[in-house]
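Next up, some structures in structure tokens.
Common to both upcoming complexes is chain A, partnered first by chain B, then by chain C.
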Partner chain A sequence: MKTKEPCRVAFPRFGNYHIPLEFLFTKGLGVEYITPPPSTKKTLEIGSKYSPDYVCSPFKFNLGNYIEAIEAGANTLVQTGGTCRLGYYGELHEQILKDLGYDVKFVNMSKANYRNPLTFYNEFKKVNPNLNLAKVSSALLTMLKMVECIDNVDDYVRQNVGFEVHDGEMEKIHEAYLEALKQVETKKDVIKTTKTYMKKLKDVKTKKPKKLIRVGIVGEYYTIMEPFSNHFIEKELAKKGIVIYRWMNVTNSILHYDGKEQKKVIKNYVKYYMGATSMSTVYKTLEWAKAGFDGIVHVKSFGCTPEIDAMPVLQKISADYKIPILYFSFDSQTSETGIQTRLEAFYDMIMMRKEKRK
Partner chain B sequence: MKVGIPRAFLYYKYHYLWESFLEELGIEYVVSPYTNREIYQQGTIYAIDEACLSSKIYLGHVASLLGKCDYILVPRVFGFGEDGSVCTKFQAIYDVVNNTFRNQKIKILYYNINPKETANEFRSFLKMGKFLGKKKAQITRAYLIAKQNQKVNQLMDMKRQESLLEKDGMKILLVGHPYNVYDRYIGDPIIQYLKSLEVTPIIADLCDKKAAREASFQVSETLPWAFNRELVGAIEIYRKKIDGIILMSSFPCGPDSLVNEIILRRIKGIPILNLVLDGQDGSAGLETRLESFIDIIKIKRDEKDED
Partner chain C sequence: MKKAYLGIDIGSISTKAVIIDEKNKILASEYLWTEGNPMEAVKKVLRSLEPQFKKKTYQIVSVGTTGSARKLIGAMVGASVVKNEITAHAIGTTSLYPDVRTILEIGGQDSKIILIEDGVVVDYAMNTLCAAGTGSFLSSQARRLGVEVEEFGKIALKSKKPTNIAARCTVFAESDLVHKAQIGHRKEDIIAGLCKAVVTNYLNNVGKGKKIVAPVVFQGGVSKNIGVTKAFEEATGCDVIVDPNSHLMGALGVAILARKSKKEKEFSFNITDMEFKTIGIECQKCANHCEIICVYKNNQMIDSWGNRCENGAIPIKNKEA
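Let's turn to the complex of A and B:
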């Protein structure tokens, strides 16, 4: 890469978090941010083509996003660290892109040390050597608020979209909200914008039956939060008139994470930390089972070890609390019809059980 | 009291330690048989479908010990601190076994390695020994003897291999987790077949661990897993003395899925065969691949000799 060229940063697509990321990079780090185009079948195809065969699909999506972002003008790519395979994504992504002949800068947060925040600063300095720490921290605070607000609004939509009288109203407002967030300058703006749109969402006419069907969705970090990768499963479920609950988001899993509490709640099932998101998966499944939910949907990418290891535990919870759990594993070959059929069957089963209980 | 030891996963890294620790404490133990078809099939029944082959085999071994002992030894490892982390499978295995065999009322003997909570090996063995009803002094003595025994035996294994490296003839480095390489059902057939072709198999896992972990940084900076570091480093250490490399992974091993790709992209100038073991029957396909790999190396060697 020509060293004089200004940085144009990109990070893989991940739910709606590209909006707070764009804010952090443009307002905080003072560099241009290239949002990769939304993930599509093509993204996964490109990613799979250059990835090792049986690597988990988030790796493939990320690689596809990188290549599409480079084509859209990005010259600096960022990857996070992680406690599972994710911790090694960056180095291999960088190697593959280099072998493909892409001349880009790669910022790999796996090189930073969590016990020493200064190392993060050093990594960010690679993006912009004239980094202004005050500016970064102020932008970071706004960004975190933005994440929280996005997650809150997301929760509301998830739990209500299945009951709107006029189809599509909420989605329109939700989209307009995300567009509006791209224009904010301060933390105050974030709060104000969110309030405005939250009100609009609450004004949407809904018609809820007396007995609600409640389904909780649990699973692996990427697949649960990137709707394209889970074949828009939440939307499909909501369409059937189900209230969808999802605990897993950046707010709950990073900003307000309480691992000790989780361990305490699940101690009859799990003694030790089982890796990545598995603890949260077990924790929420148990809580929702206790709360009398009608069903749980577990999603993950094919071969995700921590989530595979959570499954024997989920099976026990399912048996103990008599709660049906539907397991989905997605890879680049997953067929749309297969998913639909299994969702239908799951829904029918839930309805039958509800009838019986009456 | 009788302890059952599954002949799978960490058994291949720690059996000297476990066996002599229990012997010194005067505790009877039984090791599950070599992996066979039945154990493998039992494993596939108990395991989640898409779990890795090695973990299926592990559960098969646990199942084979049910009813044959009072406790089954299932250690849990969080990581090795500065030396690296482990696949989350080793973090989760205690709870996986406990939940999978809950209806069989399994009783587990365990210890936990977690440097973050100062749960080092000695302390964990102390706890385990107390659970077995032994006194502190007795446990300490047993641990130290077992540790010494492990060291001596591992050193001897290493020396034996080093002498093989000086031998003439073709030498192929087997890069794979020891629980795959030595497993009678999935890895050992490859070793035996190579021997039948008059090839000397060199086992990457027998390389000096500390030296290998250090050497691995020449190949990869951020590689998180200690066991994979030991294998990658062994390639660096042995590469001048070997004629080819076989990567042996069980399907769909998480760490290997990435690390093998790094190896293939970064280790140049030496033939590499990437074998993914899936436990399916039929050695014909495997043997053909091994044979043609060896043939290619032979041809290249002969060409070099002519030059």
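Let's turn to the complex of A and C:
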């Protein structure tokens, strides 16, 4: 890469987190941030074409995002670490992009520790050697608040969107909120903007039945949080008039993660640490089963080992608490009809069970 | 005039239909191959059903569709109920066997297990990535062995020592089968082994983690194969019930759902004379390029689907094809 060229950073698309990421890189590190275009079929096609066939689909999405970001002008790519195959993504992505002839800088954060934000400092220095620690810290704090707020608003929408009187109202406000977040300067702004839009969301007319159907979604990190990769499963379920619960987000899994508590709660089902998101999957499934939820939907990318390991445990919880669990495994090609059939049948089943219990 | 209800189950391999009266009694039924053309198959089914029942006594007032082409055919016949095949099968079977606890279903391209308690579905699973435990696998192997698939069951029963055939996937099973045939295994043993392989594959993939409790009902096209039924009985240790109409359960179920829907609209057989066609469009409004299917009846668009967002919606307003 030409050394004189200013840094234009990109990170793979992942839920709505590109907004806080943009804030951190532009305001904190003082570099330009290129948001990869939203993931589409084309993204997946490009990603699959240059990925090993058997790798999990998030890898393919990420690679597609990188290439599309490079086409949009990015010259510095960032990848994160993780406690499953994700930990090796960075090196492989870098090698593939190099082999394809892309002249880009690759910053692999797999050495940084999410529980200790300071470790990111060394990695950030690779992006911009003239870092200002005070500036980075302040931007980081604002960014973390932003993540929390985004997750909060997301939760509210997920639990209410199925009941709005006029279809599409919440989605519009939600989109406007995310746009507004792109304009904020300080932590205060973040809080204020969130308050304003939360009020707007709460003002949307909804009509909820007395007996609510509650379904919890659990599963692998990327697939559960990137709606395109799970065929917008939350939206599909919510449309049927279901309250959707999802614990898995950046706030809960990183910022306020409590592994000890999880291990305690699930000790009758899990003895040893099982890696990546599997512990949280079991933890939330058990909690929601105990809370009398109507069903659980488990999503993962095809071949995701930690989540495959969690499945027998979920089957046991399903039998113990008589809670139906629907399992989805998404790959680069999945028929829409098959997903619809299973979701519809799941909904029918929940409704029939509910009728019967009356 | 008495009321009657039509249920059509359009699978990838076969198309099934029944007409029932208000007491769920089957007045007419048909089963034939879809042959990759669901619209034509449905026309054929309807032409065959028409003379089977007393049109002077009964009027079809509601239609239900299920199976993988349910949406397309639902639009074509003006169905009041379009239902997934899992629910349809469960409804159909429980109407005949109210005490059933486990439904094993193997069709042409998919297979499922449905668990029932007190007449209500409590759990189900469907095969996802593998076709080894399905009817089309048996058909292709029958062709390889030069045997009619309809004869499979009877031949399998003759075997005293079924050959072991790898059941993990069709490709493995097929090469295993070829190998065993070449080293001299008898044909009936190989066929019995195949039936066992289908059951093993089904129980490992679809039935994985599910408790099979009697009464067990086995249905779908493959249930006509007595060799597979026997293999199921051996593997599960339960008696396996196969209804004479085991291939019609989905159609029956969706006919019952049409009756229960109370949405009534007189159905006319003259749609068999109408011209139906579909046109696929690739939406160019964003990089998703959704494939939108438009359905036309006598050159008028009656429905469209496939778009993920509102941008791709095609308004229905008497568009000429």
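Note that the second predicted complex is superposed on the first by the 349 of 358 C-alpha atoms of A that agree within 3 Å, B and C clash if a C-alpha of one lies under 4 Å from a C-alpha of the other, contacts with A are read in each partner's own complex, and residues count from 1 in each chain.
Heads up, the rule we're going with is that a residue touches a chain if its C-beta (ideal position, glycine included) is under 8 Å from a C-beta of that chain, and two chains touch if they have at least 3 such contacts.
These numbers were taken from a predicted model, which means no experiment stands behind them.
Engineer: Once the shared chain is lined up, is A:329 touching chain B (first), chain C (second), both, or neither of them?
Structural biologist: Both: A:329 reaches chain B and chain C.
Engineer: Considering only the touch criterion stated at the top, classify A:344 as touching first (chain B), second (chain C), both, or neither.
Structural biologist: second
Engineer: More residues of chain A in touch with chain C or with chain B?
Structural biologist: Touched residues of chain A are more numerous for B.
Engineer: Just checking: does A:214 make contact with chain B only, chain C only, both, or neither of them? Give me first, second, both or neither.
Structural biologist: Touch status of A:214: no partner.
Engineer: So, does A:315 touch the first partner chain B, the second partner chain C, both, or neither?
Structural biologist: Both chain B and chain C are touched by A:315.
Engineer: Which holds for A:200: it touches chain B only (first), chain C only (second), both, or neither?
Structural biologist: A:200: touches no partner chain.
Engineer: Contact-wise, after the overlay, does A:263 reach chain B, chain C, both or neither (first, second, both, neither)?
Structural biologist: neither
Engineer: Give me the intersection of chain A's contacts with chain B and its contacts with chain C, in residue numbers.
Structural biologist: 302, 311-312, 315, 329
Engineer: Quick check on the complex: what are the chain A residues that touch chain C?
Structural biologist: 37, 40-43, 232, 302, 311-312, 315, 318-319, 322, 324, 327, 329, 331, 337-338, 340-342, 344-345, 348-349, 352-353, 355-356
Engineer: Can you tell me which positions in chain C touch chain A when the two form their complex?
Structural biologist: Chain C residues touching chain A: 68, 71, 83-87, 118-126, 128-129, 209, 211, 286-289, 308.
Engineer: Which residues, counting only chain A, touch chain B once they are in their complex?
Structural biologist: Within the complex, chain A touches chain B at residues 52-56, 59, 83-85, 87-92, 95-96, 99, 108, 110-111, 269-276, 278, 302-303, 305-306, 308-313, 315-316, 329.
Engineer: Contact residues on chain B for chain A in the complex?
Structural biologist: Per the touch definition, chain B meets chain A at residues 48, 50-52, 76, 78, 85, 87-89, 91-96, 98-100, 102, 112, 220-225, 251-252, 254-255, 257-262, 265-266, 276.
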